[in-house]
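Each of the two complexes below includes chain A, the first together with chain B, the second together with chain C.
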Partner chain A sequence: MTTAADVSAADVPTPPRIARGTGLDRAFEILCFSAATFLLTALGGIVISLAIGGWPAFEAFGFGFFTSSNWDPVQEIYGAAGAVTGTLVTATLALLFALPLAFGIAIFLVELCPPILRRTIGTAVELLAGIPSIVYGMWGLFVFAPWFAKHVQMPIMMSVEPGSFWEKITAGVPNGAGILSASIILAIMILPFIAATTRELLLTIPPQVRESAYGLGSTTFEVITKVSLPYIRTGAIGAVMLGLGRALGETMAVTFIIGNSHGFPTSIFASGSTIASTIANEFAEATDRLHSASLIALGLVLFVITFAVLALARLLIGRQVHA
Partner chain B sequence: MTVATGPRLSRRISEGVFLVFCWIATLVAVLALAAILWSLLSQGIGGLDLNIFTKSTPAPGSEGGLLNAILGSLMMCAVAMVAAVIVGILAGTWLSEFARDSYYGKVIRFLNDVLLSAPSILVGLFVYYILVAPLKGFSGFAGAVALALIAAPVITRTTEDVLRLQPVALREASVALGAPMWRTILAVIWKAARAGMLTGALLAFARISGETAPLLFTALNNQFLSLDLTKPTANLPVVIFNFALSAYDDWRRLAWAGAMLIAATVLTVTVVARILAREPNRS
Partner chain C sequence: MFRKIVIGVAACLALTACGQNQKADGKGPAAGVQIVGAGASFPAPLYAKWAEAQKADTGLTLNYQAIGSGGGIKQIKAKTVAFGASDKPLKPEDLDADGLAQFPTVIGGVVPIVNLPDLQPGQLKLTGPVLADIFLGKLKKWNDPAIAALNAGVKLPNLPITVVHRSDGSGTSFLFTSYLTAVAPQWASVGASDAVKWPTGQGGKGNDGVSGYVKQTLGAIGYVEYAFAKQNGLPYASLQNADGQFVAPTAEAFAAAAAGADWTKAPSFYQLLINQPGAGSWPITGATFILVHKSQSDAATGRAVLSFFDWAYNKGDAAAGELAYVPLPPALKAQVRQSWATIVGPDGKPVYTPAAQ
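== the complex of A and B ==
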């Protein structure tokens, strides 16, 4: 016989707690507790130090700090709009490129991959995630950019009609560096993260669910789009947000290849800057107070944006998946 | 309208297009990895000679290596890892063994996950603000603190995950033998989970050994060989950054050699960590 108490106990998987002792037990618990609290303090410290350090910039420019794209260290005028736009544009473009590819890879690994290749390709994707940002930056600048300029930028810029809308958004110096190149490198960087998380999510789908769809005569395409993806929808959105969070805060690779010019990006081939690349380029050399305060204020803006995105991602993914 | 054959054909076409797309997507990722590794090898191998490990970073035009940067990176990573392993393992243990489903535990777990993927350059700004500016000087020590702050959340997360995988019966058996909680954790749970914990530490090391952004304005750089972590300290990522963007060919050559060294280290450590993670007591 199953009683009500049995059922509720079975519903809660939490293992029974072991009785707490005294003395050393208590000391050990406090030690562990302090370490956990230290992490909380570190995150709090980041917010507080950025807020205090950036305050002079907010005070000097007020709301204009966010609306002006004029970043002029000589005249000590700082506006964040150019860098913020650059950050949002590159991250969004990167996400657009990476998303279909990442889902394709995840689906390939779960549904299509010959078992003999599965481990190799899985490891390759993991290694792509492990390559340091600065290596992506060097590769982007010295290998990808020249290729991109010759085989993509030049043909496109030659073929667009003069005076058209397309000419406007593809204007720029065809040297391979710029907003679009940065977005493509970012896309390659976040690809493995989204793919790995989506793959783990796909593996959480009970086999019966997919098998019944196949049993009804569905094609793989139909199983994926009508059964699997709807099943993991929430988590998949979380995985995408996690990728977005990484793209927003990525520093070195972007610094190498975005061209580092201030102001609004006007075309996809134009050079630009992101919040992270501006800080990386200028902070060590920022000598006057307002310049470094403005850079720290930029950092606070980046923190707020990424915190919102990452927090949402974590809430959507939940804990069942390693990400 | 071909009612009978139309849908079937369109289904077959969409299926075909879809499958081809998945293959292409995977091919793109594998090709990207291959292209990057190939560039590293072809560009890096030329700069790789004994001088790299025996001489310090040169002035433009003269002969030199990366000895000071390699040593600086190793020292900073070592200090950072010691600190991060202590904090991370204790915090992970707290989350797994003590906090369980408490509200505070959930908050810490959530914030740790956020810290895990927070932009590393902000960690650099933070350390600049609390260590570099008040002490009026860049230092290798500040760089190590920044790296530790990046590594600690990784270790916390993996430690919690592997400790949670240990069966309750193991804990009960230890307690039944009369061991207090702390002995149970130290001698039984940690021991059972050690491969997983080592994996976490290796992944954290792989993560920080290539980190550049948090070192730009904490450790800065140093042209000379120095073992003093209270001074600006040379490190591979920042040297690569500076040399790669310079106009001198021999500096760029060193940057490629350095990039290859870092990538080789990170990828080797990642692969070792994955192999360790496949051991039975992790799964």
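== the complex of A and C ==
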């Protein structure tokens, strides 16, 4: 870290600098160290307090807490499977919808966009990232859901063959609230994150790389798919996982539009619930010990899922680097 | 959502009023005292309004945090607040376990709302058992004979019924499911609580969420608290009460239910006002409650809390009516004031004695 300074100090007269190992230098080191360890302590503290808070639920239901979807506050029986499924399904669908769009936006902005539009679209994407999730929730419930019901859900439900597999998978209340609508809202929410990060990554590609490819006679399509995208592959995985992380933990917008019924979702238009929406819905009024313990245990499950996603991202990135 | 805005506006007004009322200090016995309460969000707009008026009148300041009934109960048990507020009464044995006393402040209730074409508000008539069958998912179409039999002369459409319930734990759900438990044996499989395992339907977050889903879904039925239904002019259904009459949810119907109840037999005011007798009584009625410790470690704080609600009983009815809450009947207020004799300070004497009415 200090080698450059050491060399220059030998050659030219330099302004007075902090000597190594003096009080100030040491204090700076300690400051940085404690900043980093503070975060680690906070993280550990969260995990431990979630585990302690949720322990009564794990104790009462054992492994059944993860495999049962029966969530019955009156009988005091709690199973997380429905909420976990809802979380994974909505987050995965959201990623599937958002990914092509986000990459499309990023590639267009960097490679194809006329300069006059670049700034406008770029700002719009960043603005989208700044909208609070409650606003997405209200917009989703009062504007998007009715439109979605009328122009997407109803036509699909009316065109499927009665009694077929397709009828089963599209069954639901025709008011636009459900798993699919929640996934689409989530996709809109994570889109700007992935798009903005991917754009920054594309901008880091040295112009020589791209120019060389063009010089060899590649078409735009070839440059993007064979040179640009492979170049940023590692970072792009990180960007996608960032989006997935947000989709997993998103609360308010999902709560408004997912329909909030416990249990396994049986169709794309069915009501469901996610871990975050269940906690948001029930925590304020959960007075029974086992009820609040189960909600805290759900929090721990979400923490573990998010952690697993990040670990997977690390693993993928690591493999890319070494390959 | 809109309530929160109301609270916010009220808080701003209270702040501005604060500046003008410096000289009001010393006007009343509670001048300059600040009390902190937390709990139910349902009565929060009213408590804010009472606090604003009382600050100007007596100088007493109330800081009320609408964190939900569950939070209110936890906070008063932990003694971090001077009083807790809950939309559902605690059972006498639970009160005794923590040395708490409770008393009602205002009456509210729950109203079924429907989205059916060509129907006037209140035109659709329902009974408790039919409502239970709808929310159990047993009745699937609006022209089902069970519903048609109650609505002779009304043309009911061949529409599927969509059930909408609250997704968040709420006193509104507690009152509604308590009513269904009381009047329909078949509801026993679900039970009564802030949050239950709903057999069918969709969950909307808050009164806004439920009314949003109902408005957007032809053939939907949901339930919201009375004040919300009234302020938003939602199309309600009439319900059959204990006397067999079909009634509309009006302030008079809620007052009738409160008056018809026999509070003298309810220890610690544990009373739900479900399906009360009286020809004009609305069947899904309930009071909202205040929780305080029977033994106050600081007599001045205890005195301030009780004097706040004594003031509200004396002068707060008009404000309650404006916000579509129903004031308590006078006999009940007198009974609550008597019960305050059990709330004592460190010296064992009652902390507050209301002036003779």
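Operating definition for what follows: the second predicted complex is superposed on the first by the 273 of 323 C-alpha atoms of A that agree within 3 Å, B and C clash if a C-alpha of one lies under 4 Å from a C-alpha of the other, contacts with A are read in each partner's own complex, and residues count from 1 in each chain.
What we mean here is this: a contact is a pair of C-beta atoms (placed from the backbone, for glycine too) under 8 Å apart; a residue touches a chain by one contact, two chains touch by 3 or more.
Predicted model, so just to flag it, every value in this text is computed and none were measured.
J.: Taking the superposition as given, does A:287 touch the first partner, chain B, the second, chain C, both, or neither?
T.: A:287: touches chain C, not chain B.
J.: Between chain B (first) and chain C (second), which does A:141 come into contact with in this model arrangement: first, second, both, or neither?
T.: The answer is both, since A:141 touches chain B and chain C.
J.: Quick check for you: in the superposed arrangement, does A:175 touch first (chain B), second (chain C), both or neither?
T.: second
J.: Which chain, chain B or chain C, is in touch with more residues of chain A?
T.: B
J.: With both complexes overlaid on chain A, does A:259 touch chain B (first), chain C (second), both or neither?
T.: Touch partner of A:259: chain C, not chain B.
J.: After lining up the shared chain so the two structures overlap, which partner does A:75 touch, if you call chain B first and chain C second: first, second, both or neither?
T.: So A:75 only meets chain C here.
J.: Contacts for A:36 in the overlay, against chain B (first) and chain C (second): which applies, first, second, both or neither?
T.: first
J.: Considering only the touch criterion stated at the top, classify A:249 as touching first (chain B), second (chain C), both, or neither.
T.: First partner only.
J.: Have a look at where A:149 lands relative to chain B and chain C in the superposition and call it first, second, both or neither.
T.: It touches chain C, and chain B stays clear.
J.: Would you tell me the residues on chain A in contact with chain B in one complex that are also in contact with chain C in the other?
T.: 141-142, 256, 280, 283-284
J.: Name, in rising order, each residue of chain A that touches chain C in their complex.
T.: Checking each residue of chain A against chain C gives 70-75, 141-142, 145-146, 149, 173-177, 255-256, 259-262, 271, 273, 277, 280-287, 291.
J.: Of all residues in chain A, which touch chain B in the complex?
T.: Counting only chain A, the residues touching chain B are 14-21, 24-25, 27-29, 31-40, 42-43, 45-46, 49-50, 52-53, 100-105, 107-109, 111-113, 121, 123-128, 130-139, 141-143, 188, 191-192, 195, 219-222, 224, 242, 245-246, 248-252, 256, 276, 279-280, 283-284, 295-296, 299, 302-303, 306-307, 310-311, 314, 319, 322.
J.: Which stretch or stretches of chain B touch chain A in the complex?
T.: Against chain A, the touching part of chain B is residues 11-12, 14-15, 18-19, 21-26, 28-30, 32-33, 35-36, 39-40, 43, 86-91, 93-95, 97-101, 105, 107-115, 117-123, 125-126, 128-130, 149, 152-153, 156, 161, 168, 171-172, 175, 180-182, 184-185, 206, 209-213, 216-217, 220, 237, 240-241, 244-245, 252, 255-256, 259, 262-263, 266-267, 270-271, 274.
J.: Residues of chain C touching chain A in their complex?
T.: Touch residues, chain C against chain A: 67-71, 73-74, 162, 167-171, 190-198, 201-205, 209, 212-213, 216-217, 220.
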